[in-house]
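Every chain is named by a letter (A, B, C and D) in the order it is written, and numbering of its residues begins at 1.
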């Protein structure tokens, strides 16, 4: 394991109820709901926090420029250091990593990190098109790459439908999830409108209002916490150019390298057996097998077989997105932090109904841009997990 | 929306980004804007102070501030001011006016708004002002069209 | 705040020549700036351990503008990289924190902004409280004028002193090849000019600039290996305060004072301070908050009044403060960055040379 | 105190829970030198690109630099491109009706690998064929606007491959499809 300086622990996690429109809250109220829950989980108050790190996707999504300035009061940040991270869709993950880094560097003992999106204030497709007509939508950018994956791997078409059903059934166990679709079936996914071939409506993420927050502490804070902390075993970030001749968009090199850097730093030699549960950023169903292969959890052409065999079910050998994932809740800027937080909740034994029994080591991943920004971490209930 | 025009002999494209954002207001801003619609200016108690515009959270401790809101003003005192001689299309008035921090009677903090004083010579720190309400109000900060000198100097 | 932080130094820096309207795109003018900073540092691009950028989508009205800026870095093969929607000074802070870990020894930081395409007075109201301020369209100059009036009323500055600050900045900027507003100006003539937004005249305002700045950081061993006289980051801290101007005493900068204490500004005398005083009256506020005496040279580069490349201007202050050590032989300097209206958020970075 | 409460009409008496904010910002962006030349070529019915002398990758529209080798490029690195090629990938987009959306019917956006010396044009419309018949491997050729009807008003630094004012799109040539493995590394 690489020495990352001070050991860092997740001692509090909070999220809002994610909805199409949180019409009961202002923007400050939205971030506040998640932050307060994280503080309460950590058994702390505002004055215990040394610094605040906030992240979200592009400002035009809500039409508030550099919103950390008007959200400082809601996050008890006055008189404290506050930073704003923005790395596209991976931002919830990279925001968490920046906050972690402040603890690992022994800069601060207790850091609050928050990420959010209030999609209902604006329109993400408008935002993605920079306000122009004819938005491709995120699905329009990713769909051809999914078709390439399907063609190259020989995956049968039901794999995408199966992921869509699995994540929505998982979401029924998560009271915070936006979508609760108890009647979802493979047939319904298949029959839902085609948005961007091969992506059907029910294989696509919703637009959500929501926020996530975490309290991170140093080793002493982790040891003193009354609840089980999640120890940060390793983090990694990697970025690459989004478009150039010869780029592998199905298995982007930055994603491969990010995973390898992460496993090496954590001491993981066989992610598929040494990781108990994973929260991966899957906004469109085909990205589950694509990331299983893109992060070398499964071999080439093996990712869809893990899905097909039920291995990624909550009861399977390698559960993916027991929370319901991005397919069930997508407050864009927060979606990455939800992955990181849900992974922490699993190893803390705090995941509630969607707890994977006995989870000790969890992986979280977020990606963004044209599948070019990656943020990942491994957390464990054990500050020094053994992978032998 | 795009077009080309010459800018100091350089070619350029113009692009307008437009969007009607819809904001939900929550338990403090909502009642504040409801008050404005009804022609009342409301603040919120924060320990021994009254904050206007009302905040959802104590700016010093981060603690939540609880409604109900309390009525202040409507008149107040100009704490500081800036004379805008050439308004932009985003400004509340299309003729020269002042932006000012106005501390309303009964409030402990000042709010930013416009003052229509006619001339810079009519402006001074410490002057008394009172709101000029818009005829049709929707529950927005600009339901107060602007403040005017008390006694109707403008 | 924890102690025993590692020594990190600035070993390379570069800036774009600031322009009112660059014909090049942000990536195009950022490109040579990054190359130049790397060249000065003598660190091969592929050896850089961490890259961090600061920029803002709304400046150029382009969602995900920062993604394009990756092209100026050479993010292929992939790199370890992050981005703040803040001035590049905060990107430097993030990189400095990252260098405290033991696995990397160099970092590249940059900030860039192209303000010319938009209308700042119309864009910046979006940076304020969306419920009570944005709909009023309060622009940065009006906010600054509210602050300046408060300062004048409090007797803490005079309009003449403000004009003197402008004249000094423009005169000093004549020696700065990157500066945009330079020259000799008579204070009485400046004071004879009309107000733009009273009590501010044109000389009290920063220019609108397109520009960029890049800085290379290294940990102690690496810095000594490649650099004759590194500029050591002796202290760095940043703080934010309440958003609504009515909640603050606009004649002081509490967040700057707290950041200065955190960065240890008062531990030893500072010789030069490069401040992001984007309006003349903010210089005395910052001087007071930083505890700078009259003997401290402020903004020998001309500062933000000579060029104001938003999102790079704070990082450029740190680069100029480093230059005073690396090239100017000074022993202790500081750089300052700000964000938000009326100095809502401030960062202070103290640099030292080897004695 | 002389100020009275307002006595004029108000809208509704329900609590206010929402507000609208209409943002409208206009940006005027100077066209950068390589794009100026690109625009001039489009007006003549030509596609130009810059080719990196080190990695030989072709950038269309020209960027003024190679992001792979981090070197600056200029007109000396300019090359003329073919206006025929092959569809390497595509998306059929069902438009969402957001503010400012003009599209109402499903539309296709395709990546076209141009014939040698190469270059990839992304987000191109495919004309003269139903959207559901577009396929990877299909041979296509450029459909130019008539010389007097061409304009490049919308071709700027950020418009990427949106060239409709001069290059309307591509249409099938009728030639046999190209096998997928011949361009499988050029799908991006």
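Everything that follows uses one rule, which is that a contact is a pair of C-beta atoms (placed from the backbone, for glycine too) under 8 Å apart; a residue touches a chain by one contact, two chains touch by 3 or more.
For clarity, every value in this text was computed on a predicted model and none was experimentally measured.
Student: Report which of B-D and A-C is connected by more C-beta pairs in contact.
Tutor: More contacting C-beta pairs are found at A-C.
Student: Centre to centre, by mean C-alpha position, how many angstrom separate chain A and chain B?
Tutor: 39
Student: Quick one: report the Å distance separating chain A from chain C, using the average Cα coordinate of each chain.
Tutor: The computed centroid separation for chain A versus chain C comes out at 33 Å.
Student: Between chain C and chain D, tell me the centre distance in angstrom, where each centre is the average of that chain's C-alpha atoms.
Tutor: Chain centres of chain C and chain D, defined by C-alpha means, are spaced 36 Å apart.
Student: In chain C, what residues contact two or more other chains?
Tutor: Counting only residues that touch two or more other chains, chain C contributes 21, 23, 58, 61-62, 70-71, 75-76, 119, 122-123, 126, 129-131, 134-135, 242, 244.
Student: Two-or-more-chain contact residues of chain A, please, as numbers and ranges.
Tutor: 23, 26-27, 60, 62-63, 73, 77-78, 123, 126, 130-132, 241, 244
Student: Give the residues of chain B touching no fewer than two other chains, as numbers and ranges.
Tutor: Only 7, 10, 15-19, 21-25, 29, 33, 55, 59, 140 qualify.
Student: What topology does the chain touch graph have (line, ring, star, complete, other)?
Tutor: Contact pattern: complete, every chain touching every other.
Student: With touch defined as at the start, can you tell me which chain D residues reach chain A in the complex?
Tutor: 17-18, 21, 23, 57-58, 67-68, 89-96, 98-103, 107, 109, 111, 118, 120, 122-123, 136, 158, 180, 184-188
Student: Quick check: in the complex, which residue numbers of chain B touch chain C?
Tutor: 7-8, 10, 15, 17, 21, 23, 25, 29, 32-33, 51-53, 55, 59, 79-86, 88-92, 99-101, 103, 109-114, 120, 125, 140-142
Student: What residues of chain A sit close enough to touch chain B in their complex?
Tutor: Those in contact with chain B are residues 21-29, 32, 46-47, 60, 62-63, 73-78, 118, 120-123, 126, 130-132.
Student: Would you pull the chain C residues touching chain D in the complex into a rising list?
Tutor: Touching chain D from chain C are residues 21-25, 27-28, 31-32, 34-35, 45, 58, 60-62, 70-76, 116-119, 122-123, 126, 130-131, 134-135.
Student: Where on chain D does chain B make contact in their complex?
Tutor: So the residues of chain D touching chain B come out as 1-3, 5-13, 15-31, 36, 39, 99-100, 152-159.
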